[in-house]
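The structure appears right after this line, and notes come after that.
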Amino acid sequence: MKFTARQIAEILKGTIEGNENAEVHTVSKIEGGEPGGISFLANPKYTQYIYTTEASIVIVNEDFEATAPIKATLIRVASAENAFAKLLEMYSQIKLAKPGISDQSYVAESASLGENAYVGEFAVIAENAKIGNNVRIYPQAYVGENVVIGDNTTLFAGVKIYSDCQVGKDCIIHSGTVIGSDGFRFALQDGGKKIPQIGNVILGDNVELGSNCSIDRATLGSTILGNGVKLDNLVHIAHNVEIKENSYLAAHNVVAGSTVIGKNCMFSGQVGVIDHLEIADNTILAAQSGVSKSIRKPGSIQMGSPSMDVMKYRKNYIHFRNLESLVARVSELEKKLKELNSSTQT
Amino acid sequence: MKFTARQIAEILKGTIEGNENAEVHTVSKIEGGEPGGISFLANPKYTQYIYTTEASIVIVNEDFEATAPIKATLIRVASAENAFAKLLEMYSQIKLAKPGISDQSYVAESASLGENAYVGEFAVIAENAKIGNNVRIYPQAYVGENVVIGDNTTLFAGVKIYSDCQVGKDCIIHSGTVIGSDGFRFALQDGGKKIPQIGNVILGDNVELGSNCSIDRATLGSTILGNGVKLDNLVHIAHNVEIKENSYLAAHNVVAGSTVIGKNCMFSGQVGVIDHLEIADNTILAAQSGVSKSIRKPGSIQMGSPSMDVMKYRKNYIHFRNLESLVARVSELEKKLKELNSSTQT
Amino acid sequence: MKFTARQIAEILKGTIEGNENAEVHTVSKIEGGEPGGISFLANPKYTQYIYTTEASIVIVNEDFEATAPIKATLIRVASAENAFAKLLEMYSQIKLAKPGISDQSYVAESASLGENAYVGEFAVIAENAKIGNNVRIYPQAYVGENVVIGDNTTLFAGVKIYSDCQVGKDCIIHSGTVIGSDGFRFALQDGGKKIPQIGNVILGDNVELGSNCSIDRATLGSTILGNGVKLDNLVHIAHNVEIKENSYLAAHNVVAGSTVIGKNCMFSGQVGVIDHLEIADNTILAAQSGVSKSIRKPGSIQMGSPSMDVMKYRKNYIHFRNLESLVARVSELEKKLKELNSSTQT
């Protein structure tokens, strides 16, 4: 896809300085840049690069004053930053726009597709699935029986959704992510016999899941990710977990069975939370934290494994780093006390 | 799938109280419940909900005595809990039952399929693969050359099995799991040249693997998971590892090359075990443990990274939590001893 | 595939002792072994097994002297170890050799394929993709729009590469790995609005990625893995990360956004590195390390979470293991000092 400076200026309601026929097909950084790239200048620290950039078009603030010749075509707008963000968003949308239902896909007769759906090659839409409007299902994705998918949702290549699960509107699910695999439950007293997992997974609206995540279905009832929840890559969510609105879990998080995580939480990478806990709203967890007790106080910040208050952990960890010298101090005390003891006893 | 109270009562050999034509199509919790749902009452703590549940049918113990009117149809059985479990299992089996070989799959001429096999859309069964009876291969799964799969095994959508691997009977492999990728071995003294990985993976009977697991093939010989081994999601098993019967590894476990894990072990989430170790039978590992030495004593319970006996870890960790006060105590001792020293020397 | 002793001896330029028509179809260990298997003897510790092995052919050093009858056919070569390695490599190459473009794949008209390409069933090569010579694309793999793949690269079954990414020559990407999913970036001050991720991923030459890895595309610019980089399974590489030549990251590593990792680094399993750090060349990290600060000194070895110098960590951890006794020593000191105090004051 190529765009001219004129087309872009019209979209952004900006004014052109330079060649209005300059064409761009990609986005680039202002430092360096490349012919055919579009960039922007908002942060004054980067002003130096506008005089040397190879980018073909640069979006600048209305009040930008050049102090040397510039090779690139400029587009002046009220806010270069906002205009660029708008442009990126449009560009992403255009890139995702895909037409029609591939002849090489499988859509069950009993499935229903909304308007303007895209179903790529070798994708499967199984019996009774209900797909909303403007949904994009990339190649090799699998939508199981009775699955419901809301409007404007995108499933990238190879996403797998087991039967009976529900995905809300405006969601993005990345490749390799599995929704609705069985919870890890076996009757140990009965020779490890599998406990049937017949619940489902429900994702709210505006949820984004990274690639290669695993979201298990509930044993009974639903595993729930609320509106606006975002997961990074390779995250494990066990059966019957609930994550409330707008919580963010970074890569390699593990949330064990039946735990409930509040709203607006932020967990760094490789965090683990054991089963059947309650984590209060606005909780922040440092990377590699291991949470083994419920966190009742909203806004807590924890670290460590098992986790504790972050300030307490940091202080104790400083002492851990100096444990060897502490041990030496205790040995010295023992020695001195012994000397003192013998001197006073004589 | 819909069932009437009469059909269910026949299966469970129970007696109906209420509308024998009441229909259900799903399973629900007794608290709340929903029309068209079936539930059960076994735990007396939940008795209150039977008077308000919206579920259409509730399975109860023979001796249950109602103390108020109940809207739902009841089915009385010897043990409501066992009857419900039986029903769930049947329901799961019916859901998995799938017919025939899709026209849109690829089955090599040299491959053999047992009786009553299901091969979904866009699945691949490569040359010389041998598939047992009643095997279910969901859409987009890949079964490589010479792979052998035992009777009654299920591969969910998108499972990938590399050439020459073997899967036993009654196994369940969830979506996104990869069996037989190459071990991570390179000749560092030879510029990082790849060491060919020409062994395979052998899974015993009654093995269940969660979604998005990675089980590497052996360099030479076999990576082996014994009968009854269960892995949760996103577990990594390296080349030449052996895991003996009935061991359970929770989500995000990592077992490095050539390590042997005994029978009946239970590892919590995010556990790591380094290479070339031996872990005794019945070992239990707490979440996020890092095992760096062989565990010789059966039934050991360890925690920490590097891991140690769980009681020892817990005690030391309590002291770690109070390290700051310990340091203060040592400083105080130093101060007092100094004072004492000067007073006695005077 | 079957080979006779004569065929193998010709390839290895060795001399046969025994049945030159002995056939093998697999590779086996010398201890045990199996009919139809080929093995080798290089390490004197294993000499005993040559007299009992069931392998049909054993490769031995020219100067090997038997002290008892041997059932297997021998092939004598200058170096049994090197000859066997050469054989394994050839065997691997033959196994990977695959012919042609499947009728059941999808290759966009605008895509270009080099000579001798293999495209398996249900693979997708999207618009404008450029695929080099001798590239093997296994079934169900996905190559997005504008993707470039260099000569001799192998994508195993189900690999997903998002649009605009680039893969070098002689790379191996294992099943389930996703290249180019979106970075985990949201404008928190703007209600968690998605920040468009319009960069790409660039892999150098001779890169190997294990199964089920997730390599996110850059927000702007490129996420870069240099020549010779090797990742084990289930590794997460975030947006805008750069990993320089010949670094090795073991299973379950997590590298957060914009971090730069030097050359020749070796990270053990489950290591995490937070965002925006710089890690010097030749850094070694122990398993489960959590790196929260840049490592500036090349050749550093670190351990712990947060990580520190490995020797320091080990010493402190020994004291941690004995914290309980240290606390007891401090308590004892306090008691003695108190006694002494009262005795001196009286």
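Order of writing sets the chain letters: A, B and C. Residues in each chain are counted from 1.
The rule is short, and it goes like this: contacts are C-beta pairs under 8 Å (C-beta built on N, C-alpha and C of every residue); 3 or more make two chains touch, one makes a residue touch a chain.
Here the structure is a predicted model, which is why all the values come from computation and not from measurement.
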Chain copies touching (chain A, chain C) - same or different residues, decided at half shared: different
Angular offset of chain B relative to chain C [C-alpha, multiple of 5 degrees]: 120
Rounded Å distance between chain A and chain C, as computed from the means of their C-alpha atoms: 25
In chain B, residues with contacts to at least two other chains: 122, 140, 158, 176, 212, 234, 252, 270, 288, 305, 320, 323, 326, 330, 333, 337, 340, 344
Chain A contact footprint on chain B (complex, rising order): 27-29, 85, 88-89, 91-92, 95, 102, 104, 120-122, 138-140, 156-158, 172, 174-176, 206, 208, 210-212, 228, 230, 232-234, 246, 248, 250-252, 268-270, 287-288, 305, 317, 320-324, 326-327, 330, 333-334, 337, 340-341, 344
Chain B residues within the chain C interface of the complex: 106, 122, 124, 140, 142, 144, 158, 160, 162-163, 176-178, 181-182, 184, 186, 192, 194-198, 212-214, 216, 220-221, 234, 236, 238, 252, 254, 256, 270, 272, 274, 288, 290, 292, 305-306, 308, 312, 315-316, 319-320, 323, 326, 329-330, 333, 336-337, 340, 343-344
